[in-house]
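Take a look at these structures.
Next come two complexes, and both contain subunit A; in the first it sits with subunit B, in the second with subunit C.
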Partner chain A sequence: MYSIHENDPGTPIRISTKRVVVTVDGTTVNVPEGTSVMRAASLAGVNVPKLCATDQLEAFGSCRLCLVEIEGRRGYPASCTTLVEPGMKIRTQSPELAKLRRGVMELYISDHPLDCLTCAANGNCELQEMAGKVGLREVRYGYDGENHLNADKDTSNPYFSFDPSKCIVCSRCVRACEETQGTFALTVLGRGFDSKVAPGTTSFLESECVSCGACVQACPTATLMEKSLEDGGQPDHVVATTCAYCGVGCSFRAEMKGSEVVRMVPDKQGGANHGHSCVKGRFAWGYATHPDRITTPMIRASIDDPWREVSWDEAFAHTASELRRIQSKYGDGAIGAITSSRCTNEETYLVQKLVRAVFRNNNVDTCARVCHSPTGYGLKATLGESAGTQNFDSVDHADVMIVIGANPTDAHPVFASRMKKRLREGAQLIVVDPRRIDLVRQPHIQAAYHLQLRPGTNVAVINALAHVVVNEGLLNEPFVRARCEGEAFEKWRAFIAGEENSPETLEAVTGVPAAHVRAAARLYAKAGNGAIYYGLGVTEHSQGSTMVIGIANLAMACGHIGRPGVGVNPLRGQNNVQGSCDMGSFPHELPGYRHVSDPAVRALFEREWGVRVQPEPGLRIPNMFDAALDDSFKGLYVQGEDIAQSDPDTENVLAALRSMECVIVQDLFITETAKYAHVFLPGASFLEKDGTFTNAERRINRVRKVKPPLAGLADWEVTARLAAAMGVPMPYTHPSEIMDEIARLTPTFTGVSYEKLDRLGSIQWPCNDQAPEGTPVMHMQQFVRGKGKFAVTRYVPTTERANREFPLLLTTGRILTQYNVGAQTRRTANMIWHDEDVLEIHPHDAEQRGIREGERVEIRSRIGATVMRALLTERVQPGVVYTTFHHPESGANVVTTENSDWATNCPEYKVTAVQVRKSDSRSQWQREFDAVAVEQAGLLPRHGSDTAE
Partner chain B sequence: MASMRERAPRADAADAAAPALDLPPEIVAAIDAAISAHRTRPGALLPILHDVTARIGYVPPAAIASIAHALNLSRAEVAGVVSYYHDFRDAPPGRCIVKVCRAEACQAVGADALVEHACTRLRVAMHATRDDGAVSLEPVYCLGNCALGPSITVDGKLYGRVTPERFDRLVAQVKP
Partner chain C sequence: MKIEKLVMMANAIAAFFEAEPDREIAIDGVSSHLRRFWDPRMRRQLVESVDAGQCEGLNALVRAALSERREQIWPSATASG
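Right after this comes the complex of A and B.
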């Protein structure tokens, strides 16, 4: 069921410069060519009755309720499948039409339960509404004929039920699964009267369904129904907000009953998602009210002490005095903060302001350090702006896509559905990934090339691709001449044309057949529109920044930049990783990516804040850990990040945390980091605060408070109160005032305000005088830096190499149903799909080691070891193993090393040399982990049954 | 646009692990043979389903996954097509397959009575296979033999003007 109170003109919008004028029931309406009669009628203010039609799906013409009369035509055409023609005169109401519609409705209702008053859809049921509209008063066929009323209900999916007894076989769900989601998990079984919608021949849970919710949304009856709605009843109001999971940034309508969420429905107006969703945003929000939420501030002197619950005032006073004590003892630079890519722009901005204006240093960093910092560096250096070049809609114009080191169907599912739609329309796909991701081959999708490289050889592959472009005459010379710096280009051309970069030379390094590289390069270079999408498989390497530069080089060389359908598109991992970078979370950059050493920029902030801003860059996260172990860094404020689980070389991180005197964690739950904290400040979920998130396409979306913070304060209020306790008041009354301050100080944000966001729905920065409504596609006329700058990208092998002791390469990634460290998704029913991390290993490697499916194996690197179960699969190539990192006890980062990107220190998560062998017990680290977990659980305040809120 | 026409050699689908089948080896072999005989033709699903049916008499539900995988379709799509056509069975048919025409012309000359007789003689309902696997009885809608109704087929062979007595002779191979 679509969200309450949403208009549905019945068929999708058509865009055309040609207009067609028709009259509907005497009203003249002017619509684009290709528009359906049904949509034209809706635009004329006439809603034709319908059941199988919706503006989210192509017209189908099966329900026969939307019949109309058209002057000069025989019969009663279906208005959904009939397109407007010039001068058409359409009648939607006549005695004959009324009779026909009533007759159709009688047939539907003769095989539909009459339990409306006790039905979960009561109050928002299209079937009921249409029965009312057509004036159904009797069912002449009676209710005793053959029917489907005894069909069994399928409740196997944790989030929705399927009750075929209520199904009218309109196929909206089947079409939503195909057209919108692209999974094809639903079908109509049988024929004629026996036709029934089904997820193949199994239950929903065992089927190919990925629980995106599109079918549930499309259902016009109670057949597919959210269990939360069945339990909670229909909502009474709606608040538009933004999902807090991945970087796609889907707009949602939180359907509320008082301050209780009944369901989350993707917003058709959403600029990023256009009404689509995935299992996480749509259903996995139950963590927000999970009993594990900590809702009272807590402090303790040492991490071996029990936590003591205190008032907010005491927490702030204690924290402020601890931080000032450390500063007076060890110096101003002995404390710092980590901002969160899960929090809002406003909150992130405040944390960096706290560091710069209150801590009086630049020791602020963000989790982007460990994910997309090379993107910021590489794109700034080549194109001039640290952000992706396109909007998501751009993919509709792409002819060839290269997906490098990204797994969109798992990590960015809603955008993956858009990609798949375009691929089904005929676009070609090149996948560059050590592992066979689902996008390589799945129903109706087949990559033209899968360049299955060895982990750590990205730069070799991108150089080989560019080598082919240059040496086979595929360069877009006019573009390069007009748009790029000549000298730098010539230097790059001379470098890339060298034999050391040929696919044949590099084949031995990358493991990718040279012929495939050549063919892929030709495909991309000759494409009308070629677009590159990439993820953390690009950045999380020792040459992460080099690879980002290499991607930009390739796009510029082929002229695939600066218009819809092309571009360099980082798929951001977290909801606000773009925003947290924009907001000055880096130790060397003030908001808007301006270096702290620039006196003019500093002066701007000093005037606004009334303090002196330090000109020297502060510590990056790994430097903070090093300094902590050197006893020169003693206090850390961590907002919404779990460094103890997510940062590499866990044992080193824990040692650093143990050596600090005041670790402040602001989070929803007792995270792994919180087990090493001295102050716990309860965080607010995305449902409990106002603010904005910026997604991977630079789209600033509003996050709206739908309920009060469980702990009483939103995260931005906590930071502001801490600042005040440290003697620097930050008297904001609403996050909109923080955004106003950001807009005053940041050239790319000068036109942004909450008023404008409410008016436009969302804004893609830059938004300023030159682009008052934002910038969907960047670098259109010229690059932000003026001329695009090629840079030489020499391939330097990582020092992390497979050897006799550690012969396999471990690489890591995410899966669909869990999210990052899992703090949220592990506290939802998503656990049914992934309750432990497993090690994917090729059957050959497993056989050599005598490892069978499901057996426990130890994964050991030169840094550490952990134990998990083995999954034998040919998804990974021989010599490569793979795991996810959603469960803390898996300890994926116990194994990963201290290696990092040369430019940004982004960790080399994606390549770790390991040995794998059978093991029947947990690793030493895991046993210690278990002990800490038990010990720390014992230090939490006891509330008995009232801990559950 | 040139690049869109420049079709790349698609990676052989076999490199993406095909689902393992829990069926007797000769059935697996027959399914594999049917798949490889037709998988490269456009619209290969129906030819494969026909071929599988010709080889082993039915389309085992367990085969749906491998057919779907070979054609890069979803399992649900294949299941939908299999279920649409009565001639694609999901269980082995009887050793003898009898089809009785129930279309208008045959009905007009006594097909309904013949159906009743068939059910009694064969001890099986329409659309069903007898428990001992001896026979399957199916309706069929027009065999194109309207002038000579009522018509039936026995194991694919057409007979016209079928009286109850003639019917009994034609199905003599099936024990009552």
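Right after this comes the complex of A and C.
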């Protein structure tokens, strides 16, 4: 069922410069050509009865309830499938129409349970509403005939039930699964009276359903119904907000009963998701009220001591005192902070301000360090701005897509559905990935080329593609001449044309057949619109920044930049990676990506803040760890990140944390990092926040508080109170004032305000005098840096290579149902799909080692070892193994190394040389992990949670 | 910090800029990168270790940058401040 209080004009919007004027029940309306009669009627204020039609799906014309009369036409056409024509005169009400509609409804109700008063949809049921609208008063056929009323209810899915006894076979669910989600898990089995909707021949849980919720949303009855709504009843009000999972940034309507969430429904007005969702955002929000939440501040002198619950005042006084003590003893540079990509722009801005204005240094970094920092570096160097070039809607105009090192169906599922829709319309796809991701072959989708390269050879592949473009005359020379720096281009062209970059030469390195590389290069270069989408499989390498530059080089060389349908599109991992970077979270940049060494920029902030800003860059996260082990870094404030689980070389991270004198963790739960903390400041979930998130397309979305913070303070208030306790008041009364300050100081945000966000719904930065309502597509007339700059991208093999001792290459990634370190999703019913991390291994490699499906195996690198179960699959190529890092006890990052990107220190998560062998027991590290978990659980206050992670 | 790690990081930076055919531009690239992205304590340690002859395996381009752009990488003002 769609969200309460939402208008549904019945068929999708049409865009056309041609207008058509029609009359509906005497009211004249002017609509775009291609609009349905039903939608035109709705725009004229007349809602035609309907059941199978909805504005989220193409018209189907099956329910026969939306019949109308059109002057000069015979019969009663369906208004959903009939398009407007100039001068049409439409009648939606007449005695004949009323009789027809009642007759249709009578048939539906003759095979529908009459339990409206006890039905979960009571109050928000389209069938019930239409029965009322058509004036159904009797069912002449009786209820004793053959029917479906005893059909079994399927409750296998943890989030929604399927009650076929209430199904009217309108096919909205089946069409939603096909058109909106693109999974094709549902079908209509049988013919005529035997027709029934089914997830194949199995249960929902066992089927190919991905639990995106599109079918549940589309259902006009209680057939597909959220269990939370079955349990909680209908909501009484709605608050529009933004999902706190991945970088797609879906808009949601939180349907509320008082301060309790009844369900989350994707917002049709959402600029990023247009009413679609995935299993995480739609259903996995129960962690926000999980009993593991810590809601009282706690302190302790040492990590071996029990936690002591304290008041907020005592927590701030203690923390401030400790941080100043450390600075007094070790120097101003001995403390720092890590901002969170899960927190709002306003919260992130305040943490970096705390570091720069109160800590008096630049030791601030963010988790983008370990994911997309190379994107910031590479795109700034080539195009002039550290951000993706397009909006998501741009994909509707793409003719050829290259997806590099990304797995959108798992990590960015809502955008993946948009991609799949475009691919079904005929766009072509090139996948560059060591692993056969789902996009390579799905129902009605087949990649033209899957360049299944060896891990660590991205730059060789991008160079080979560019080599073909240059040497086969596929360059877009007019674009390059007009838009790019000539000297840099010529230098690049001379480099890339060299034989060392030919697909044939590099085939031995990459493992990709040269012919495939050549064909893929031709396909992209010759496309009307070629778009590149990429993820962490590009950035998390020793040449991550080089690869981002290489991607920008290729796009510029082909002229695929600066208009809808093309571009360089980083798919950001977490909800506010883009925003946390925008807000000055990096140790070398102030908000708006301006280097701290620029005296004019510093002067701006110094005037606003009334303090001196340091001109030298601070420590990055891995540098903080090294400095901690070197005794020059002793205090760390971590807001909403779990570095002990997410960062590479876990043993090194833990050693660094143990060596510090004051680790402050602000989070929802006792995370892995919190086990090594001295101060715990309870955080607020996204449902308890006011602020903004910025998604992967630079779209600033409002996050609205739907319930008060469980711990009494919002996260921005915690940072502000800590600053005040350290002697620097930050007297904001609402996050909108923080955004006003950001707008005053940041040229790309000058035009942003909460008032404008509320008015427009969302804004894509830059938003300023030149673009007062934002910028969907960047670099249209010229690049932000003026001329685009090519740079030479020599392939430098990683030092992490397979050898006799470690013959396999481990690469890591995500799965659909879990998110990042899993702190949120592990506390939801999503565990039913993924309750442990497993090691994907090719059957050939498994057989060589005597490993069978499901057996425990040890994964050992030069850094460490862990044990998990084996999953035999040809999804990975021989010589490559793969795992996820959602469960802390899996210890995936015990194995990953200290290697990192040359420019940004982004870890080389994607290439670790390992050996795999059968194992009967947990690793030494895992046994130590178990012991720490038990010990730390025992140090929590007794009345609090006894379940440390 | 471990000097071996700083050397490894500096060498990786050099590996990118070595592709630049103009040596002066390459040296500028290395020195500018160190200045713009490395915390002063890291730069100081690298400079001091090179001065003390302790940077075994350090790339020649980094050595050139430290020699020819020393004031840019580790300004006297910073050193004294």
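Everything below uses one rule, namely that the second predicted complex is superposed on the first by the 943 of 949 C-alpha atoms of A that agree within 3 Å, B and C clash if a C-alpha of one lies under 4 Å from a C-alpha of the other, contacts with A are read in each partner's own complex, and residues count from 1 in each chain.
In this section, a residue touches a chain if its C-beta (ideal position, glycine included) is under 8 Å from a C-beta of that chain, and two chains touch if they have at least 3 such contacts.
Computed from a predicted model, the values in this text were never measured in an experiment.
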Query - Partner chain(s) touched by A:903 [first = subunit B, second = subunit C, both, neither] - result: second
Query raised in the report: Where does A:644 make contact in the superposed view: on subunit B (first), on subunit C (second), on both, or on neither?
Result: neither
Query raised in the report: Looking at the overlay, does A:617 come into contact with subunit B only (first), subunit C only (second), both, or neither?
Result: second
Requested in this report: Considering only the touch criterion stated at the top, classify A:546 as touching first (subunit B), second (subunit C), both, or neither.
Outcome: second
Query raised in the report: Between subunit B (first) and subunit C (second), which does A:399 come into contact with in this model arrangement: first, second, both, or neither?
Result: first
Requested in this report: Scan A:22 for contacts with subunit B and subunit C and give back first, second, both or neither.
Outcome: neither
Report task. Sort out for me which residues of subunit B touch subunit A in the complex. Result -> 1-4, 6-11, 13, 15-17, 61, 64, 68, 72-77, 79-80, 83-84
**Report entry** Complex contact set, residues of subunit A against subunit B
**Finding:** 183-191, 198-201, 207-208, 399-400, 426-428, 436, 440-450, 519, 522-523, 526-528, 873-875
Query - In the complex, subunit C residues that touch subunit A - result: 1-2, 5, 9, 12-13, 15-16, 18-21, 33, 35-42, 78
Query - Complex contacts: residues of subunit A adjacent to subunit C - result: 333, 363, 491, 495, 542-543, 545-546, 587-588, 595, 597, 616-620, 623, 626-627, 629-630, 632, 792-794, 796, 898, 900, 902-905
